[in-house]
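Below you'll find the structure I mean.
Labels run A, B and C following the written order; every chain starts at residue 1.
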């Protein structure tokens, strides 16, 4: 794992990640998957280091996944949750972050309902010159990099279990279906999948997928060595064109709060038009697999039987990949400090 | 500890536990009590293993006790609490359990307000063939096995401190007083105490102890070797017949919510009829001891001075036994996986 | 660290601490600062011991600081928070403490909104003869010893970075500004600073600083060897006399709840009269430094730019000192048990 190219202090957005970086993460995560297959699933990599999980927005699965990743690297963890905090006493977010910094935090994992909060904290850490890395664990409707990276690991493991590589994604068709507009998961996946050469097809009602959404992805990715990678993204206001010959279908969680905003008529109508069903999967490639970032509204985004079909659903593998990928990210960032 | 008979993946109910199993748990717990008496109260038994404490119902003492037991076995722990969870986003309980499974959980400790939830999760784990053990930490009004087992350890330690054995329970009279109908503690204790040959006398007002309650215990326990053990359970709608010559009195917590259900006239009247007082203990055996699963309503189930009398109260010893017994259970179940 | 004088089981109040004890804490904390400067910031001192953090009042920074201190001493930690606890079921505080005792807790760190709760629990532990130490992490408006002790470390480190000593505090002028009446931080600092020979000048509106406040500090401190130390405390109802030639200015957090009690006209008027600004600092000694226990109301107690000026503000150093001081306290108390 020692010669992989890596020089980021922070992981905030995947917008400028290049294929070599995705490869570094993939290979590091694969080696940690080996650790996790052992009886003693622990390595001393971050012994004596402190990982602070600052989850200003509640979370079970992502927080537990990061906590477990940190513990398996032998780090000590500090957990911040907003309920019992100084935030209710009017403290600013930056002051909270600086408090955890002063206590001796080495890596900060940050989730916040406001887009841009992890970036702001990362900037402040750089300004202070303290060498502390910030990892965005989901910020508003902006990005959720570790989710997209665990999806990447899941896809590569599925495509080529013997020797997974980001090369296997080239030319694959991935359909992302659902509330694209409000989804940080969709945004991060768009960056990673297109950078690795996959075609991404978005499907949603127009209220959840405005034409302007595409603009962000119209400029190609240019690597330091001058390589130009066009980002292949397509927008569909109907489901079937996105599913046509798709190798993977990623259903997004539908926030029920969207209903009250008049962006959707009803859950039932959404399911009729965009729900993933066994019947509709017939339009996909023969070996199609389904992904979902969870938690799932069974019967809305996807039917319950598909979720539980081990031949079709990669959902459990996504969760398992999450621990390995987060170990990889903490390892790579932790290595950047010292 | 290596040759004790044990072949359960899950601990959900004590209904079919046989004396040899209680003995295995007792002997294992006793050896861990030895560990806990040392300055460094830790063993590497579950190093690198993950114990997930999924407490869908809030709890301080049971959760802390399991957490400490897991840490003293050197396991990593994941704590789930319902407040900040995906459950509020509509995720099913099985999906939550499967998420923790996919993260790499080796043992699940589950508390839920619904009777049967741990059993359902255990069935799903078996169906998936993943070898993960489920431990019921209290489900609705069904069972609370680890509480009954810590009571067993407490009683045996009290009866024969030099060489505790479940044999010492044979023929002993144990009175259980209070809200039997709604008590998972009473149910689990009924299974364990009667299987070990103790006589259990239940005392409560008829609204909290219907005659039909006895039916579950009318069938004898038949062991794999064909031994038949009659379960000796007696119902009393008054306190004194239960206390008469009792060796142990277990007061149950009275849920104040029962009042609103018109099952009880008032706390004061309950205390007058069924409260444990120093005076009433004179009816018991000379060396009678008191147990209470906690938390206590002092002055309702039991007078405050009795709770604090170290010659009479085993309450602190119950709590201490809890850590040793839970270490034993996690150890025995953890051994089943590998 | 082995020959320092120390014989306290509990740390509840600093009222009778003598200079030799402050020196023991300072020297122990300094040696832990050395540990914290290493890559692996961990020592095996409390391996296998259990530190219970019983925070009956919510807290982020103090709880995290104690948790990290305990983990860096390799202790296991148990966290109690009132939300999901048996307190809501009517359990008394003493019963909660005794439950954690029975589980095997070695040291208890207690925060409570009621003045005197940690002292009551410490008395009970002594009565039970269990050798468990109690550390007051803030009780009502009474005391917050670990905060004053981290302030002491911060001041000594600032005055003499090469070889910090409590001797350096002698004759220094420290201004404490703000809601003195309700502040446990002010009370604990008054005891420690005056015992070490500093002059403390209190500044607040009369509603937050009654004349009678001084009476507690009118008696001198008499050490076991018969040394008499006058406590030099001065009261000011205006800001400037307190700032005049001050070496340190400690701004206290203004609880907004005080407004509704008619103790203050408005935050704006408070800031105009008692807010710390760059202009007003000109009255202080040339190398004046600012402290604040946090969380800060920027623009009320102190202007935002002063908080962030690394030449003036010791706020981050206070937080960092907190971990080292709390390691020292747990170490000294833990040593008392065995």
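Throughout what follows, contacts are C-beta pairs under 8 Å (C-beta built on N, C-alpha and C of every residue); 3 or more make two chains touch, one makes a residue touch a chain.
All values derive from a computational prediction rather than experimental measurement.
Participant: Is the chain-to-chain touch network here best called a line, a ring, a star, complete, or other?
Facilitator: complete
Participant: For chain A versus chain B, which are copies of one sequence, does the interface use mostly the same residue numbers on each side, meaning over half shared, or is it different?
Facilitator: Answer different: the two copies use largely distinct residue numbers here.
Participant: Could you state the distance in Å from the CA-based centre of chain A to that of chain B?
Facilitator: 42
Participant: Using the touch rule from the top of the page, what residues of chain B touch 2 or more other chains?
Facilitator: 83
Participant: Which chain C residues qualify as touching chain A in the complex?
Facilitator: So the residues of chain C touching chain A come out as 36, 38-42, 55, 58-61, 64-65, 67-68, 71-72, 81, 83, 253, 256, 294-298, 316-320, 322-323.
Participant: Inside the complex, what are the residues of chain B that reach chain A?
Facilitator: Where chain B meets chain A, its residues are 47-50, 76, 78, 80, 83-92, 95-96, 98-104, 338.
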